[in-house]
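In order of appearance the chains are A, B, C, D and E, and numbering begins at 1 in each one.
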Amino acid sequence: DQQEVTRAETLKIAIPAQITDPTNLNIYAAGSDRSATGLHQFIYEYFFYNNLQTGEFIPWLAESYEYSTDNTSMTVKLRDGVTWSDGQPFTADDVVFTYELLAKNPGMGNSAEVTKAVKSVEKVDSLNVKINLITGNPRFHLNREAFPAVGIWGALTILPKHIWEKEADPLTFKNSDPVGTGPYRVRDASQNGVTLERRDDWWGTKVFEVTPAPRFVQFTFVGDEQNVALALSNNDLDAAWIGLLSAGTFQQVTAQNPNVRAWTQELPFAWPDPCPRGLMINNDNPPFDKPEVRQALSHLIDRQAVVDLAYEGTTTPAWNIWPEYDGNIPYSEAIADIHEQYPIDTFDPARAEELLASVGLQPSDITVRYVVNADNVEEQKNSQVIADQLTAAGINVEVQPLTGNANADARLKGDFDMTQQPFCPGYPVENLELFHSKYYVPLGESAPWFERNSFRYNNPEFDALVDQMLALPPDATDQILPVFHDAMAIWYRDLPIIPLVETPALVPFNFTYWEGWPTSEDPWNMPVTWWATTGLVVTGYPDPATGEWVGGLEPAGG
Amino acid sequence: MFARYILERLAIFAATVFVSITIVFFMPRLVPGDPLGAVMSRLSSVGGSMSGQELIQEYRRRFGLDKSLMEQYFSFLSQLARGDLGYSILSFPSRVTDLIANAVPWTIGLLSLTTIISWVLGTLVGAIVGWTGGRNRFSQILVPLALLLYTTPYYILAIILIYLFAFYWPIFPLSGAYEFGARPDFSLDFITDVIHHGTLPALSIVLVSLGWWFLSMRSLIIAEQGADYIMWAEAKGLKSRRIFWAYAFRNALLPQATGLALSFAHVIGGALITEAIFAYPGIGFLIYNSIKGSDFPVIQGSVLLIIVSVAVANFAMDMIYPLIDPRIRTGSMR
Amino acid sequence: MRTVLEVADLQVHFETARGPFKAVNGVSFALHSGERLGLIGESGSGKSTIALAIMRLIKPPGYIAGGRILLDGTDLLQLDQEAARTRRLADVAMVTQGAMNALNPVIRVRHQLLDGLEAHGVHLAKNEVDEWLAGLLDSVGLRPEVADLYPHQLSGGMKQRVCIATAISLNPKVIIADEPTSALDVVVQRRVMQTLRKVQEQLRAAVILIGHDMGLMAQFADRVAVMRAGQIVEIDDVRAIFARPQHPYTRLLMESLPSLDQRDSLLRSGPIARPAAEVPTP
Amino acid sequence: MATIPVEEIAHPPVVPQLGILTHLLHNRKFTIGLAVILVLLLVSLIGAQFVDPAERRTGAFPARQSPSWDAILGTTSLGQSVAIQLTQAIPNSMLVGFIAATLGTVIGAIIGLASGYFGGKVDALLRILIDVFLSVPPLLFLILIASLLRGVSVPTMALIIGLFAWAWPARAVRSQALSLKERQFVQVARLSGMGDLEIVFRELLPHMLTWLGANFLNAFITAILAESGLSILGLGPQRDTTLGIMLYWALRYGSILQNFWWWWLTPVILLMVLFLALYLVHLGLDEVGNPRLRAHG
Amino acid sequence: MNGPRPDGNGQAHVPLLELRDVTKIFGGGRFGQREVVALKEFSLALDAEHPVIVAVVGESGSGKTTMARLLLGLESPSTGAVLYKGVDLSRLSGRERRVFRRDVQAIFQDPFEVYNPFYKVDHVLTTPIAKFGLAHTREDARRQIEQALCAVGLKPEETLGRFPHQLSGGQRQRTMVARTLLLRPKVIVADEPVSMIDASLRVTVLQNLLQLKQEFGISLIYITHDLTTAYQISDQIIVLHRGDVVERGDPEQIVKRPQHSYTKLLISSIPLPDPDRQWGEVPPEIEALAEEALAREHVGSDVQP
């Protein structure tokens, strides 16, 4: 009855771990994995997609949004003709239902964010919804946790009302055969992966007159780095997740299989991920409560050596906490003078000693408890190099590799002196909000989130400037930048965390079966396989300005 | 006397299981740290909400972690009595029993096959080499070979096997238990597929344990050669083949069989790394993942399963033992 | 009287770090059919080694360094392995010193008895087996049920009788009994020895009884050979030995026998002279 | 995890007397094994004296170099000399083996002796404990503990492994004690006024020394195996260098695939050499302690 | 029932060591093990003033060793009492217990088994000296040891400093006798002291034992299944059969005029060292007893054929 899965018709993407329970496809349950199963790439779809690479905000399930004048509400116009995979139309009812479901069930992901930001959601008509906000917020459309627009990762997902309203407990509902609006449906799912099959009745085919090229998409677990490399060399894979291949291994693969490449042809190969790495310093733990000490630590780190050794050259040192995408460049330029004043990213042991001496300390007085997530290879690699650098300067370093909840607990409760952390979501202003003292909790209590101030920074002066920026719409760059400059002057002076490196997203693409992958020569999209935007990498999208169809995969040589 | 023996074994069996249950429950809990920290890590890695605490509270309530330790322990026991192992934390809302039920057949298949193959082969060859005293060229090579195999860590063997037979000569698949996209059923295709996938993991276990069984049986047989009944059998003019099988081999088999039962404990532990390396979806891998993710209910459930099955294996061995060793019934041995 | 077994100048050596150790050093004797020869001597004097040599069961580091063992005229030492094997039990049977552990613990008595037959190509029909076993067991005073027991279910005396039954199962010409009763108490010892004697007389087999109890020899043997340090120092008719012990060691053995007739006979007679320094037992 | 078959003590233990040392030194397996172990240990310990701490750091050497004069065993992706790493890895790995084996053997001997000698309720309880620990796959608990403990170091690692290595020896010692305590020299000792503890340590323990020695070596191997296994799973003492950790990093950096054979092969070969050497010592000890094996060479 | 027993003239006369109606039962635990009555209502009293040699004879499993272990305090009775100077063994104070340990000593059957092969034979001699504080200096200890060895006819220089396996069976057994001499006990329990040694050495050891009583006034419990030697050295013989005393009394009377058929069986089973006096036929009722003994397994099996 079913179509045979043939290699040539299949897009195979390696995932980093087994799927513990492949029947659990409830995107809101803690135990489901939205991206290793293709749930948010191919099953569900979102109102808007943000192409960080090009800066486009691409309408998809919705056509447009509009804020009220005081920014306290927003009206979204849904696209006509969208249907769920069981044929039911996608309407405002589904949107209202989803928001209300989340408000009622605190155990569901996104629930807390929705409760904090959204007062109510009203159906205007079947294609128009009005979202009433608790406070005026011109940036709500960027709040992925409370609005179904994909920034970089898993946004709020709209559920089919006619399915979910029948479930008594939306948390224990496994949703093994999910009904979504996307171009694929689940064909079968096992621990080693999920096979998705193209739907011929996808609404997009009718509306856009396009069909995604691969008949099947497989998210498959083939093992660790070695196995992934072997499978890529053997053309058993078309792409892989982030973090599966190191540069050395990747080069080995490309040497054996010239059809495999990544974003760039040469080093760094990798595309910069939106979440740069920083070292969280515990601002409440003496002597790290002194900005001079934090700055001294920053000067003791040779970032280029970290890049060369731990990342094998696939990334670049960072001096701030956002990726250098085109849209962010104005922000970086605006603070060039501050950077000059505080060249915290230069490796300068002499300067470090001066700074320490200024507060009456010597390197040997300082003992750093460096918590390392032992489940994260990247952190492990970095920590080796960083610990050695600090030790060489005379600082005592106690590396503490932790796993699982021990690791999470130590971070949230502030039980560390130093630890590595990605800083997301990668918009400069949103990233500064992470340092707001509204997220501050004393040592020993759990911070709301890792980078949401588990480093315990607390500066009201800085808070005020951040609040000021958050009240401005994102495109009001002229107004934002001066405030931003002032905020960053404080930030660099205090240096609550230490920027480390940009994050390499080394994603291998195999051109043997499929071509059209985004690359630095043809940067039409982001080279990602784990974000919701992967759906657009496969299908392509209409240019928001011209309406012309952009990108999408094609069978090789076809 | 035999009844007494059974009762005693049964008591030990029950005590073992009970003590293990208790250890398995308390050990992870006595370590500082919030088990639900795992949920946060998990959510952060799969892109859920970033507004931790409310969500955590909800899960804490659902898992009964807001209750006192003793309350948790007793509700755990009563749940267990009903055969309910609760929900997994990491794969919520999956049930622990489902996760285990998915994984167990693979492990059992892999382990029973490899254990039996290596035990039978190692025992036979070891016995023969031990008996002939390594006088021919063949057995002179075997002993150092077994030594070498035995001293090779099995994970290294696994890596080498992958390198050789999945990459250099891609005869076998890299990982997994069956071809991707295949549907588990009992068709010939599927079974061949499973065997094809199982060969390398099995080989890495078989080769190493083969060395062990070989060396063990060899030394047992050598020890047998000094027994009075062997001398007596020779004095009876028996053919050496008969002496070997009915006398030396039968008697040496007893400790070797005990070793088999005891080795289950070690083999499952060993399979853990093998399963991890080959991404074999068995119980070892499940445990490994849940330990890394601090998924207590799953750890509890699967460790318990292993302990109980090892205890059952030991118990069964204790029950079978009297059948092969008539002396045991009198308690005059041990 | 016919000579069934003749041992001539037998030499058995053990290879040791300090060169070959001569456990049996030029032993010669003859055994007539139906005769009961006692072989007595200190521990380590080589008694068991002679027995094993006759059975062709000397194992490395031991080896037969010289001599002849003629059984009905054939030199056993010249036979190849297979021929030597078939001679065992069929012609020369042995009840070993460690008889208590001689039975295979995991096999029923029945099979241990039948084993010997099968190894010598004797196959009984199914219906004959039970009858044959019963007869054999009966001849050593055991009941037929014993056949279906495991060795650990037998007492020491019964085990010893099973061993004797095995030894006579093929009507051997010579039976070597190496301290068959050393692990048994007096009461059982008497019964076992009487059993052995009875079957021996029925079969007309010759017996070599190894031991170091002069009393037992007096009760059982026709002739006694006394060994010391790998050599036979004295061999004579039992009455002659008891009447006129020649060798000092034999005399010592005779003198140390307490009597039941008269109290205060030897214990109060003052220390007795030892012929040589006490030899450490190995 | 497999254990080396230490023969159950069916034969009466041959008692270590002074002569046993000479016996051992005449045993080729024993001496070769011991020599290899000592050479490895000495070379690395002495070598470590000549290494500047700065040379141990990441980036001290050009990364990914095949063996040359500067780094005789090549360098890693992190720019460390494999040879220099070995000077720490070998002693550390052996330390794990030593501590764990000592701990396991000592605890096992004490529990086994107590259980076997005193009998009764003590025995009943200890037997259950022993049985529990025998049916629990040790690696499982090691993984569990290693993942729960915050940042294991080499000694902690050894400690944990040792705490799971006592059940086997305890069981064997128990059965030995059970039979030994019935021996008459124990009764003679009691009649000579010895107390229980004295009897246990002066009369019983010496009989188990050869066996305990063999068990010690066995535990030694098992501990190194466990350590490297845990390390490969990423649960090892990552701030220290052991052979297992070296292998872990080698695998993490894809050294097999990139054909940095000097990197992954070095710890592999050393682990195997170490195991073989330990096993030879074990065999030697076994042969001397169990004369029946001697003839079989 | 403990405590001194008044004798005829009202003065307390207390036996040194006494077994009073002692029964020992093995097995019969919760799991329904088979019960073995190893010793039945056995009584025996030894007096300090009048050293005696009491021989206890009986076949294997008749309860001889059990009785010895009871006397030595290595086993406690199921019913009845073992009294030392009138005090139940279980109620001895720590000090009394030490005196008891010293006063009641043992010589065992197997002269090899009693030595810990790990130590030189000196060990069994020096340990009691150290434990009971018998000597104050090393020289004193050495002197005492040498004296004791000489007393049993051993040359100290040939004995000390050797491992047990380097001595002959007789030497080993006599060293054990020397050990007891060292302690100057009041009672020695000798459990088959000569059954495991070469016939030629037996006499010497027996002579040593006799010497103990004659020269040092030590009472001896001589356990054996060999009536001949019992007859030779004892003042009184007790015949045990399956835990029961079937006959006790003067050796002459028991050997020459046995009353009980079991005693007759024992006597008729002795292999007399005289080729002219063969075992011959035994009355059927006695032969039946022998056959029963043969079928009986000594240490428990579940099947009784």
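Following the convention adopted for this analysis, a residue touches a chain if its C-beta (ideal position, glycine included) is under 8 Å from a C-beta of that chain, and two chains touch if they have at least 3 such contacts.
Computed from a predicted model, the values in this text were never measured in an experiment.
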Shortest path length from chain C to chain D (each step joins two touching chains): 2
Of B-D and D-E, the pair joined by more C-beta contact pairs is B-D
List the centre-to-centre spacing of chain A and chain B in whole Å, with centres computed as mean CA coordinates. 40
Can you check how far apart chain C and chain E are, centre to centre, with Cα atoms defining each centre and the answer in Å? 32
CA centroids of chain A and chain E: separation to the nearest Å works out as 89
Counting only Cα atoms for the centres, state how far chain A is from chain D in Å. 46
Of all residues in chain E, the ones touching two or more other chains: 301-302
Residues touching two or more other chains, restricted to chain A: which are they? 224, 226, 230, 375, 403-404, 406, 410
Touching two or more other chains - residue numbers and ranges from chain D: 147-148, 251, 256
What residues of chain D sit close enough to touch chain A in their complex? 54, 57-59, 63-64, 77-79, 147-148, 150-152, 234-235, 238-239, 251-254, 256-259
Where on chain E is chain C touching in the complex? 59-60, 153, 165-171, 198-204, 206-207, 210, 225-229, 231-233, 251-252, 255, 265-276, 278-279, 290-291, 293-298, 301-303, 305
Residues of chain C touching chain E in the complex: 42-43, 141, 143, 145-146, 149, 152-158, 184-194, 212-216, 218-219, 238-239, 242, 249, 252-260, 263-268, 271-272, 278-282
Would you tell me which residues of chain D are touching chain B in their complex? 1-5, 7-8, 10-11, 127-129, 131-132, 134-141, 143-145, 147-149, 175, 178, 221, 225, 228-229, 232-233, 247, 251, 256, 268, 271-272, 275-276, 279, 286, 290, 292-293, 296-297
Chain B contacts chain D in the complex at 12, 15-16, 19-20, 23, 27-28, 31, 33, 133-134, 147-148, 150-153, 155-156, 159, 163, 208-209, 212, 215-216, 219-220, 222-223, 225-226, 255, 259, 262-263, 265-266, 268-270, 272-273, 276, 287-288, 291-292, 294, 299, 303, 306-307, 310-311, 314, 334
